[in-house]
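In structure tokens below, several structures.
In the two complexes that follow, chain A is the common piece, with chain B as its partner first and chain C second.
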Partner chain A sequence: MFRFFAIRVLRAVLTVALVVTFAFIVLRLSGDPARSIMGDDASPEAMTAFRREWGLDQPLWMQYFHYFAAIFEGELGRSMRGGVPALDLVLERIPATLMLTLPAFLMKLAIGIPAGVYAALYRDSVIDRAVMVTAVAGYTVPSFVLGLVLVQLLAIWVAWLPTGGTGGLQHLILPIITLGVGGAAVLARFVRSAMLEVLGQPYIRAASAKGIPWASVVRGHALPNAAIPTVTIVGFMVGNLIAGSVVVESVFSWPGVGNLLVVSVAARDLAVVQSILLLVAAAMVFSNLIVDFLYGVLDPRLANGNTGGDH
Partner chain B sequence: MSNFSLTRRQLIATGVASLLAASGTPFARALAAERKTLKIGMSGFPPAVEPVLYAHTATRRIAPQMFDTLIAFDQTPEMGLRPGLAERWERVDGKSLRLLLRKGVTFHDGGPFTAEDVAFSFSPEHLLGPDMAGKVTAMQTMDTIAKVVIVDSHTVIVHAKADDALLEKRLASWGSEIVSKRAFEAAGSWDAWTAAPVGTGPYRIVSQTLDVEVKLAAHDSYWGGLPPFSGIHFRVIPELASRMNALLAGEVDFITDIAPDMFAEIEKHPELEVTGGPVQNIRYLAIDATGPVLEKVGVRRAMSLGLDRKALVQALWQDRLPIPNGFQFPSFGEAYIEDFPALAYDPDLARKLLAESGYNGETITYKLLNNYYPAQVSGAQIMVEMWRAVGINVEIQMMENFAQIQTKPVHAIYDSSSTAIFPDPLAHAWREFGPKGTLPKGSIWKNEEYFGLGEKLKESADPQARRSIIRRMLEIVDRDDPPCVILHGSGQFYGKRKDVAWAPGQTLDLNFGPFNAAHTQN
Partner chain C sequence: MGNLAGCATGYVFPAAPAPQPLLVIEGMTVDFNGVRVLRGIDLTLARGEALGIVGESGSGKSVTWLAALGLLPRSATVSGSVRLDGEEMLGAAASRLDRIRGGRVAMIFQDPSSALNPVLRIGRQIGEVLARHHGVSGSNIRAEAKRLFDLVGLPDAARRFDAYPHELSGGQNQRVMIAMALAGKPDVLVADEPTTALDATIQAQILDLLTTIRRETGMALVLISHDLGVVSETCDRIIVMYTGSVVETAPADAIFASPRHPYTQGLLAALPPFEGALHRLVPIEGQVPDPTNLPPGCAFAPRCPKRLAVCEEAVPPLAQPENGRFSACIAATVQPARLSLKLNTSVLA
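What follows is the complex of A and B.
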């Protein structure tokens, strides 16, 4: 068991280091923060002073070394735009993002799981087809299109809700719906597929043949076994809570981490982008660790390194 | 030599409004109470609202509400000068200007405006920015200022380092805004100062939230009269479609940076209108003249002659943008060469020049950003077809940002634009093509004759001598050794509610104060 988790923790640390290194190289090679932040009309002297101030005039390897050395001291650098510590800037935005992503996450679970289970239990029925058509539509329509359509309908035509920005609970409704619909559709499809696979297993037929009521078979045998693939996708959604709303935050001008990421990438505000990526990678890795742990709980054979396949 | 341009009507209106505002009479209070907060959806957040630090578009949209200059541009197409914080001014000699400052002006914090504030605003401590490191945009216009001598509490003499025919214009341009010395010192640091800088402008800062909003409130004791709005709420809405939606839903009164394909949609709504127009900026294609094909002058000229700019502007901008005659604007006044030939569309001459240059259809790369400038990609596609028609083979290569485009060797053409920071070639073409300009600094073009002429121009105060220098410089850029292909003038277009009284100016600056033409002309 210890080895199981030790390997995963080591793998997680390596993943975060790779993500940060990749982001460092790509961002530094693909854009010039001085031009992005100082603007088109800045003089070459001002640009030079900017690069000197932020150490951008040093060789790439030296910048990389300083960056990593600072990380080990718990220092993620300062925003070139605001001058404030990058991590503070990112942490300030997390509550705003969670105000969207947490309710949207609950919405995904509340709609996606029952819809998927129901569709699987009534396979090929009208309900199944209706759920799947809706799920495919929800899955394939890009969130920015759905967001703009909702704004057109509910904010401009009937003027019930604001088009974006912050201010009150009413500002949350459209972004949450936009985020939740796509995720619920994905989850419904996964759950249906997992349930169908489980429902076709011999042990389900055996339990049913023993005369156990169908509802108990579903609750006691089908749902727990279908939970493993479902936990995987739910874990991914948890990992996405911090930065999974980039597009929706842009469409609704919501001041969260996603919006900060877009603006910071455009401005090549390197410390901020790297802080966000570090947090996102850490969140994703942490949620994967939890998922791995849950695998072990849901199916102890996995934790023991024994899938039972050869028996 | 003094210079005034306030009309009598403006002067009376300004005086009456100032008196009313200052008097606190019931009428003035009623007038103030009737005003509404103006809500603006704009595309980006300013890196700072301190104008010496940045000339960023977002900064220039907010700074004019908060700060005044000693002399101001009247924002008519002629870009004439009008009194600002200086009531009048006169030349002492070729490099010195005496300015008589307006009395009774107060800063946002209630402190009085005096000569001390002028001296501080133009001092290295302020103009060179944090730690006096020079990480500022102000020095591109203010670097010729040597010192400010305080004559008395409301008289100063500004000395340039050498004879400077453009000193008055510099004192009206970006980076010359006056700040409160007392408030700056009280702030204690640049960080604290830029969080809430203090000027004399018609609006004072209330709050700013990074990437979200900037809120201003009316400075009711403004010397120029009662500000037309009780406050201004700049909301950052980066997505164009979202800005449009906010305008259509009535959540904002005014939006910036609208694309031409949205004009019709806005004008469908009777309560909305499209406003704005040309600004003092030229859109051009920079050329790497050191590349294997583009080093030939004939090829560069052919690229210009092969473009039907009239059709381009008609198709993309509904004919709302001008096509300049050379790299200049009529607002340059005596420095404008009005008889300089218009940019020609001559496919036959283009083909002839290509043949003479030995051009055999080699690929010319066009490094293109994805609509960094409005309608940029569709414009590029149209131009590629126009060039194809005269036999030039141009291939588009998409790029993400300017750093990628300017990675050496460039060996390509790419889009750029140039703002006239004040109306003169030295604040425009020279900033692009002079030895410290964008193109020579990028090592993609140089011309020693051009550089020499520019140095002469800087030293010359005689209008006729300047004109002959400028004419030759225009010829080099247009014909003899083109560093670029001039496309057209740039525009700034806005969507707004018709009941918001506001008129556009000639620059990127927005002015919502009492000196906006919509108020001074009524």
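What follows is the complex of A and C.
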């Protein structure tokens, strides 16, 4: 049991380290922070001074070493714009992002799961066709297109809702819908195919042969099995709570983590971008750990396989 | 004929069938997306009878019973009549069917490990049968389950209640399935190839168990198998099916002594001999016809060594050449039965 978790945690840490390394290299190859923050007009002396101040004049491997050493001391660096600790900058944006992504996440579950289950139960019926057509449309339309269309319809033509920004609850509606639709569509398709797979299993027919009413067969026998593959994709959505709304925050000028990421990337504000990516990677890895754990809870066959060696 | 001895001596075929059969299937047809896979089945099952259904895959032997119990997918169209104690089952309301299934007619399946839900404990799976059909609840479920597990010879019965199916072997899972079937105290147990997925040694144990349980409980047993040998040891009467029709019905011993239908004769010729020197087995020539493209007359005619010109024109009806025996063969009624016996004595001797 201990070894199982130790291996998982070690792998998780390694994943995060790889993400951070990758981001470190790409960011430094993709542009010069001195130029993007100081502006093209800055004097060569000022540029040099800026580079020295932020350690950008050192060789790449030295920068990398210092960066990693700092991470282990809990230091993620400061924003090159204003000198505020990068982590603080990111953390203060998280509540705003969660205000969009959490309700959107609930919307994905509340719509996607029942739609997928019903589509599978009434396979090839009108319900199924309607759900699938909507789902294909829902996940093929990019969220920025959907966002702009919703703004055009509901904010500009009928003017029921604001086009963007912050304020009251009405500012939340369009971004949440925009975020939720795609995920609900993906989930509906995924749950449908998981349910169809399960409904075709011999144990479903065997349960009916025992005289269990169909509704109980679906609830007690089919859903617990269909939940196993579904957990994977729901876990992925949980991992996306912090940074899954980059595009939508830009469309609706919402002051969340995604917006900060876009601005910081444009400015090559290295510490901020890296802090965000570190958090995103950590969130993804953490939700994956939870998914692994849930597999063990939902599927007794895996619970034995995973921990068997250590008992 | 060592293996047949039990069947031949232990069972006396009644002079007349029981006045009120337990279950009657009449003119049942099943179509899948417009393709007829069951072409008018008539059969009766007496109380306590052990009936064997034999045929190749695709002959409709399983579909018959899945259709009778309303267990086919919606894409199947079922017509005809299935009466249990005189009450029509086809088209019955779901709630009534749910009381019959598992309560009066139980069914067990080919691969027990996939017929048990992998994420539910065995106790829960047998418990829901006890709760639904007999209102057993609480700690009584555990006690009753243990009694049933003991009855089917499941080792370490008390602990199996909390086990998951993957923790048991295939044979143990089939015992669990049988215990679950018995939990409803059914009048009929339909066993659909119950030993096909099991090791040869376990097969015999499961068949013995089914025989013992039938003797002790008095329930009727329908044993579906592609293996004439398996069915002959366990059953009183055998129905042979081919491409969705019954081609022969006879007492188990009679079918071995003098098979009427050329297809049955072919099946027997393809069985290894029970005693004596091994010899080359005789396969049935040709292929099972595609259900979308059946010949106009007897479906077996293209493969039949005895076919006459008339065989290819009309579908032969199930005729009764002697008491208790039915055969759907024109050639068999025209030619003397002795001929077929001669053909097979070499196989059986």
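Operating definition for what follows: the second predicted complex is superposed on the first by the 305 of 311 C-alpha atoms of A that agree within 3 Å, B and C clash if a C-alpha of one lies under 4 Å from a C-alpha of the other, contacts with A are read in each partner's own complex, and residues count from 1 in each chain.
Going forward, contacts are C-beta pairs under 8 Å (C-beta built on N, C-alpha and C of every residue); 3 or more make two chains touch, one makes a residue touch a chain.
Nothing here was measured: the structure is a model prediction, and the numbers come from that model.
**Student:** Mind checking chain B and chain C on superposed chain A, clash or fit?
**Tutor:** By the criteria stated at the top, chain C and chain B fit after superposition, with no clash.
**Student:** Looking at A:S208, would you say it contacts chain B, chain C, both, or neither? Reply first, second, both or neither.
**Tutor:** second
**Student:** Please work out whether A:N225 is in contact with chain B alone, chain C alone, both, or neither, and reply first, second, both or neither.
**Tutor:** Second partner only.
**Student:** One more residue to check, A:S253. First (chain B), second (chain C), both or neither?
**Tutor:** The first partner, chain B, only.
**Student:** Classify the contacts of A:E75 with the two partner chains as first (chain B alone), second (chain C alone), both, or neither.
**Tutor:** A:E75 sits against neither chain B nor chain C.
**Student:** Is A:G31 in contact with chain B, with chain C, with both, or with neither (first, second, both, neither)?
**Tutor:** First partner only, chain B.
**Student:** Between chain B and chain C, whom does A:D299 touch in the aligned arrangement: first, second, both, or neither?
**Tutor:** second
**Student:** On chain A, which partner touches more residues: chain B or chain C?
**Tutor:** Comparing touch counts on chain A for chain B and chain C gives B.
**Student:** By the touch definition at the top of the document, which applies to A:A46: first (chain B), second (chain C), both, or neither?
**Tutor:** After superposing on A, A:A46 lies in contact with chain B but is clear of chain C.
**Student:** Measuring by CA atoms in the overlay, how small does the chain B-chain C distance get, in Å?
**Tutor:** Superposed on chain A, the two chains' closest C-alpha atoms are separated by 50 Å.
**Student:** Give every residue of chain A touching chain C within the complex, in rising order.
**Tutor:** 201-203, 205-214, 216, 220-221, 224-225, 228, 298-301, 304
**Student:** Touching chain A in the complex: which residues of chain C?
**Tutor:** 66, 69, 71, 94-95, 97-103, 106-111, 114-120, 128-129, 132-133, 164, 166-167, 177, 180, 184
**Student:** For the complex, give me every residue of chain A touching chain B.
**Tutor:** Residues 30-32, 35-46, 49-50, 52-53, 81-83, 89, 148, 151-152, 155-156, 159, 162-166, 250-253, 255, 259-260, 262-263, 268.
**Student:** Which stretch or stretches of chain B touch chain A in the complex?
**Tutor:** Chain B residues touching chain A: 45, 47, 54-57, 59, 133-137, 139-140, 174, 191, 209-212, 235-239, 241-242, 245-246, 248-251, 400-404, 416-417, 419, 421, 431, 436, 438, 441.
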